[in-house]
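The chains carry the letters A, B, C, D and E, assigned in the order they are written, with residues numbered from 1 in each.
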C-alpha cells in the first residue's frame, strides 16, 4: 500500500511534468488524465475511497472529456504542434521555473517540519455522506447554485 | 490758540482733497487759488499761533486730538507739540511754502496737470506740518513718510519720461532705507523706554541711560539713519541731484527749503539722545563735514544749473549736520532757516531762467542773461552771496555760528573748522561760477522770451530776496528747546579766525571771478592736465557713489530677482510633479495587458510576500 | 442662532442664485448681492453686542455626531466678528467686481461665490475642530470651481494646484485634529472635538510638536508662507477678479485666523519652541516673495507675490505673540484684505479692458484713465505701508511687537518695507507712468473707472483711511479675544526662545 | 444542522434571493421577457433587502457551521442586496437594446448576489470558497455577457478570460493555504487558525499558510501586487458588471477578509502585520499613481479602487493594534461609503451608456455639466466623495480610516495615505474639470427612454445618501458601531 | 498497517501545485493554461485529502468535493470562453488577448 502511494505519486508528478511540457495537446490531455488517476490512487491509499472514485469519474472522466470535446472542436493538427514548439523557447521557462522552485522550496521547508505519520484509516462513503447531509447540507445546496451559475454562464457564453 | 493748531495741516489737506476729488475739472484759476490759498491760510494761522505762543511765554504746548491706536502700553496719539523749534519750522514751511506756491501758480500755468501739481504740493505741506508738529515719533513718522511720498510724486511729476520716474523711485527708495532704519529705531525706543512720545521718551532716556551706553548709541544711530536718508547726507545722498527732475518749484520747496532739512529737524528734536551718545554726535559732525566737502567739489564740476544747486543744498545741509555734530543746535536750525530763504530764492530764480530758456538746464548754453532777466539776476546775486556767506547776508550769520561752534569744540574741532572753511571756499567758487557763467559773458542763443510771468512769480522772488539778505538778523526762539544741552558762554574766538571766515568765501568768489569772468585762468588749460580731468570726472559723477551703489545693491537685486523670476520654490514642486509623472509612466508600463505577465505578478507576489513574511 | 442664520443666508442665497438663472441671467447677481448685504446687516447685530468676560458674544452648541463627541459648535468673539465683517464687506466687493465681468453661467458662479463665503464664515465661527475642518474644506471646493470654470488661459493648472496644495495640507491638519481628539480620548476617556475640551489636552512635547506641525503646515499653506506659497501666484493670476478678491481678501486670512485661534493656543509649548522657526519663515516670505514679485511681468502674479510678502508680517506678528504683535497681525489681515482685493480688482479691471496682464505691454495709462490710475496709486502706496493707511498700522504694530521677541528677525523683516516700495513703485512706473503706446493691445475698451467701480474703490479707500487714522475701532473689537488668548498661553512666551 | 423552521429563519434573505433566481429561471423557461425577468429580479432583491433590514435587530445565530447570521452579516446583506438591486435597475436600460438573449444576465446577477450573501455571512472555509466561487462564476458570465453582440465595442471576452484564469489561480492559492491550515488544525472554521501556533509547528508554517490565503483574497480585492488584472477587466466588462465587480465583489470579499483576520487573529504575527502594511502602502501608491494620467474612466475607477482597498487595509492593520472597535467600524463604514460612491460613479457612466456604446473616455464627459447639470452634479459628488472631500460620505469614511490609523499609531501608513490621496485628487479633478469645459461637439449620449427613469431615481437616492451620510452621519454611525461589535 | 508521513503527501501536493503554476506561467495556448489551472486546483484538493487523512475525518473530503464542483464549473465556463475566443480570433494564443493595457 505504502509503495503504491509512492509509485502513484511518482506517476502523478512525471505525467504532470509531461503535461506542461507536451506540444501535442491530445497527448497532454492523456497525460493529465493519467496524472489525475494517479492522484486518485493516492486518495485511495490515504483512506478516501469516495474521493478517489469521484476523482476518477468526475475529474478524469467528465471534465477531461469536456476538454477533449473542445480540443476536437478547435481541430488542432500538426500545425498547432509546431506552433506550440515555437512558443516554448527556453527563455519562457526560466522565470516561471525559478519562481515555482522558490515557492516549492518555501513550501517544502515548512512542510518538512511535520513529524506525523498518517494512520491511513479509511473514511468511507457513509461518514462522508452523513457529514455532507448533516452540518454541510447548506454546502451542498450552495454547490448546486455554483453549478447553476457555471451552467448559465457556460450556456450563454458557449452558444453560437 | 490750541483751537487753531489743528487747522495748520487741515487747510492744505482740504486743498488736497478738493483738488483730488474734482480730479482736474476745475478751472486753473480756481485751482491756483485753492492750492496757494490753503497754504496762505495756513501761514496766517501759523503766524497767529506763533504770535500768541511767543507772547504767552510758555515753553511748550501740547494739543491732543485723539488717540491714534492704543495697544497695551503703546498709545501714540494724534497730538501736536508746539515749542520754539516747531514754531520756527512751521513758519518756514508755511511761509516759504506759501511763496513757492504763489510762484508756482504762475510758473506751472501751462502745465496740463496743474491741478495734480497743487494737490501734491498741498499734501506735502500738510505732511510736513504734521512732521514738525508731531508730539510723538510715530506721528512724526507719518509726516516723514508723507513728505517722502509727495517728494516721489513730484519728482516724477512729468511721468512720461522714464528717467524722471527713475529719479523719483530712486529718491523714494533711498530715503526709505533711511526711514526703515528710523522705524527700527522707533521699535528699539519703544521696547526700551516704553513710549514714543518725544518728550517723555527723551526724559526717560536721560534718566535711564548712561552717557555713551550701548542703547543710546544704537537708538541715536538708527535715528541718524533716517536723518541722513531724508537730508541727503552720506551715505544716502545720491538721490537728491537726480530729484531735480521734478518741476523747479518742487526743488525749491521740497529739495531745498523744507523736506531735506527734516533730518536736521529730527536730530535737533531728539538731540538729547545724541548727547547721550557722544560718539554718534561726533559721527554726525564728520558726516556733515565730509558731505559738505564732497558735495562742494562736485558742485564745482556740474553744468546743469539745478544740479549745481542740488549739490550746494547737500553741502549746506552738511553744514547743518556739522553744526548738530558739534552741539550747535540752534545754529544749525538757524542755518536751516536762512538756507530755506536763499536756496528757495536760488531755485525759484533758476526756475525763471530755465522757464525763459525753454527748459534749458546747461549753464554753458546760457550766458549774459543779466539784461534779459534782471529779477532773476538780482535774485541770483543775492542768493549766491548769501549762499557763499558774504558778510552780513543771512548765510554769513548762520554759517559763522556753526563754524565758531566747531572751532570751540574740544578734540577734532580744529579739523572740523578747517574743513568747514574749505567748504566755504568751495561754496564761493561754485556759486559764483554759476552766476558768472549764466549772467555774464556772451549771450548764447535763446534771446526771446519775457522774463517773469506776472506778479505771482515776481513777488515771491522779491520777498525772498529781502529775507535772504536780512534773514540773518532774525532771532529764532529756540533757546528754551536746547536750553540744557547747549553751551551758553561767550564766544572766545580770536579776530584772526573771524577774519579768515570772512575772507575765505571772498577768496572763493575771487577765484571764480578769475576763472569765469575775467578768464585770467582757463578751465580748458586746467583740464589739459590728465589728473585734473580724472578728478573732474570723479567729482562730476558725485564721487562715483551712484556707480558704486548700482554695483553693490541695484544690479545684484535686479539680477537675483530676474534669475529667480519663476520662483525656485515652484521648481521644487514642479520637480515633485515630474517625479510623480515619471513614476506613473514607469508603473503604467507594468500594465502590459499580457495575461501571462499578470499571472507571473501573482505568482511572484505570493513568493515575495511569503519571503517577506518569513524573513521579517 | 444668529450664526446659523448668517451661514444659511449665504447657503440658501447661493442655491437661490443658481435657480434664478433660469429666469434671467442677470438675476443671480442681484440675488447674490442681496444675500451678502443682508448678511452684513445681520452681522451688525454682533458688532455692538456686549460680550461677557469670556469674550464670546454668541455661542451655539448642538450635538452632531455623538459617536465621536462632535458637536455643531459655533461661536463668535470680537476677532471672529471682525473677520466676518471683512468677509461680508469683501463679499459685496466681489459680487460687484463680478457684476459685469461674469456673463456666462452666472447662476453657478454666484452659487460658488456665496458658498465660499458661507464656508469662510463657518471657518471663522466654528469652535468644534471637526466642524472647523468641515468648513475649511467647504470653502475650497466652490473656489476651485470659480477658478476652474471662469479663470483665464491656464485655469486648469492653477485650480488644480490650488486644490491639491490646500487639500493635502488640509489632510495633515485632519490627522492632527484626530490625533488631538484621540489624545483627549486617552486622557479623559471620551472623544471630543470641542475647542475648549481640546485646550485641556496635554501631551508629551514631541507629540505636541508633531501635531502642531500638522496645523501649522495647513495654515501656513493657506496663509501662505514660504515655502508653501507657490500655489498662490498661479491661483491668483488665473482666477476671475472676484475669485482673486476673495482669495486674497478673505481666504488667506483663514490661515492666519487658524494660527491665532488654534495652532498657538492648542499647543503653547510647541509653538513657543517653534516660534523662532516660524518667524524665520515669515521673514523669508517677506523678503523672498517681495524680491520675486519685483521680477514679475504679469501684474496679477506680481500682486500675488506681494500678498505672500505681506502675509509674512502676519505670521511674524502671530509668532511674536504679544499684544502689539497680535493686533498688528489682525490689522494687517484687515488692511491687506482691502488693499490686495482692490489691487486685484484693478488688475482684473485692466485685464478686462485691454485683455492682457503683461506689464511689458502697458505704460502711460495715467492720462487715459486718470481715476483708475489714482486709485491704483492709492492702493499701491497703501501696500507699501504708508502711514495713515491701514497697512501701516498693521505692519508697524506687528514689527513693534516682533521686535520684543526677536531683534534680528525684525530688523530683517523691516527690509520688507524697502522691498515693498521697490515693487509697488515699479508697478506704478510700468503701468501708469511712461509713454502711452497702444501698439501692444487693443485699447478700444480702455475706459476709466465707472461710477459703480468708483463706489467700490471709494468704500475700500475709506476703509483703509479709517484703519490708518483711527484703527481703534478695530483694535477694540479684537482686543478682548487677543488678551484672553495671551492670558491663557502666557504673554511674551517667545521672547526668551528666540535668540536668533 | 438545520432541524426546524427556526433554523431557516435567519437565512430568509438568502432564501428570498435564491427563490428569485429560481423564479426568474423558470420564467425564462416559460417565456422570455426582459421586462418580467428584470422586474422579478428587482422585486426579489428589494424584498431581500427589506427582510434583512427588519431582521437586523434580533438575529444573531450560527446557522450550521458554515454561516453566521449576526447584525454584521445582515448589515452587509442589506448592502449587497440593495447594491444588487441598484445594479439591476441600472442594468435594465443598459442591456435593453442588446442583440442577444438578455434575460440570463439577471439570473447571473441574482446568483452572484447569493454568493455575496454567503460570503458576508461566512466564517468557515467551505462557505467562503463556495460563496466566492459562486460569485466569481456568475461574474465570468456577467463580464463576458455581451460577447455575442456584434456591436459591442469593448472586449468582454478578453476581460472574462483574464479574470477567469487569474481568479482561478488565485483560488488555487487560497485553497492550498486553507489546506495547509486544515492539515494543522483539523477544522475548517476561521476560529481554528488561533490554534495554529499551539499545534507544534513553527510560525513560518502558519505564516505561509495564512499568506497564501491572504494573497488569494488580496487578488480578489486587487491589492498590490495582485492588482494588474483590475483595469483590464473593468474596462472590458459591460458597465453594470464592472460596477458589480467593483462594489459587491469587493465589499463581500473584504468582509470575509475582515472576519478571517479578526477571528483567526492572523495579525498576532508581526510579520503578517508588516506584510499587510507593505501591501497597503503599495496599493495606495500604485493605485493612485497608475490612475494619474489615465484617460479611460473605467480604468481610472479601477486604479482608484486599488487605492481604496489600500486605505481599507490600513484600517485592517490598525485593527490589530487596539482593543477598541474603531478599526472595524472604520472598515465597515468605509466599505458602505465606497459602495455608495462607486455605484454612483459607475451609475452615471452607465446611465448615459448602453451595451452598444460606452462612454468611458473622460474626453467624452466634456461639458456634461452644462448639458445635464443634475447628472454631472451627481457624478461630481461621487468623485469628490471618492477623493474624500467633506459634505460627502467619503469624507466621513476617510475620517474613520484616519482615526483608526491614529489609534494604532500607523504614522507611516497615514503618511502614504496622505500622499496617495494627494495624487488621487489630480485625476478626480481632471474628470471634474472636463465636465465643466465648454462642450465642443455634443456627444451622442444615450437619451434615456422610459426604461431609464428608474435609473435616474436610483442615482438620486444614491446622491441623497451620499450627502446625508456625509453631513449627518450620526444614524448610520450608530448602526455601524452596533454591527461592528459583532466582529 | 504501515504509515506514510504526512509531509510526503503534502509535498506531493506542493510539487503538483508548483508544476501547475509553471504551466500557467509558461504556456501560451489557453487550453494548456486551463489544464494547468486544473492541476493547481487538483493539487489543493490532494492537500485537503492528505490533511483529512491525518485527522481521520470527512471534512477534508467534503472540501474536496466542493473543489471538484468548482473545478467542473470553471472548466465549463472556461471552455465556453475558449470556444468564443477561437471563433473570434482563430487562435488559442492568449497573447491576442492584450488589447487592453496601460
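As a working rule, contacts are C-beta pairs under 8 Å (C-beta built on N, C-alpha and C of every residue); 3 or more make two chains touch, one makes a residue touch a chain.
If you want to know which protein each chain is, UniProt gives these names: A = NADH-quinone oxidoreductase subunit J; B = NADH-quinone oxidoreductase subunit L; C = NADH-quinone oxidoreductase subunit M; D = NADH-quinone oxidoreductase subunit N; E = NADH-quinone oxidoreductase subunit K.
Only a predicted model underlies this, so the values are computations on that prediction, with no experimental measurement involved.
Graph distance from chain B to chain E, where chains that touch are one step apart, equals 1.
Listed by label, the chains touching chain C and chain D alike are B. Shared contacts of chain A and chain E, meaning chains that touch the two of them, come down to B, D. Chain pair with the highest count of contacting C-beta pairs: A-E. Each chain gets one centre point, the mean of its Cα atoms, and the points for chain D and chain E are 26 Å apart. If you average the CA atoms of chain A and of chain D, the two centres end up 31 Å from each other. Averaged C-alpha coordinates put the centre of chain A at 101 Å from the centre of chain B. Distance between chain C and chain E, defined via averaged C-alpha coordinates, is recorded as 64 Å.
Residues of chain A found to touch two or more other chains are 95-96, 99-100, 103, 106-107, 111, 113-114, 136, 139, 143, 146, 149-150, 153-157.
In chain B, the residues touching two or more other chains are 588, 591, 593, 595, 599-600, 603-604, 606, 610, 614. The residues of chain C never reach two or more other chains; the list is empty.
Pairwise, the chains that make contact are A-B, A-D, A-E, B-C, B-D, B-E, C-D, D-E. Of all residues in chain E, those touching chain A in their complex are 1-12, 14-23, 25-29, 31-32, 34-36, 38-39, 42, 45-46, 49-50, 52-54, 56-62, 64-66, 68-77, 79-84, 86, 92-93. Looking at the complex, you find that chain A touches chain E at residues 1-2, 5-6, 9, 12-13, 16-17, 19-20, 25, 28-29, 32, 35-36, 39, 42-43, 45-48, 50-51, 54-55, 58-59, 62-63, 66-67, 69-71, 73-74, 76, 80, 83-84, 87-88, 92-93, 95-97, 99-101, 103-104, 107-108, 111-121, 123, 127-128, 130-132, 136, 139, 143, 146-147, 149-151, 153-158. Within the complex formed with chain E, the chain D residues making contact are 125-126, 129-130, 133, 137, 140-141, 144, 147, 155, 157-162, 164-165, 168-169, 171-172, 175-176, 178-180, 182-184, 186-188, 231-232, 235-236, 294, 299. Residue ranges on chain D touching chain B, taken from their complex, read 161-162, 165-166, 169-170, 173, 204, 207-208, 211-212, 214-215, 218-219, 225-226, 228-229, 231-232, 269-272, 274-275, 278-279, 286, 289-290, 292-294, 423.
Residue ranges of chain A in contact with chain D, taken from their complex: 106-107, 109-111, 113-114, 134-139, 142-143, 145-146, 148-150, 152-157, 159.
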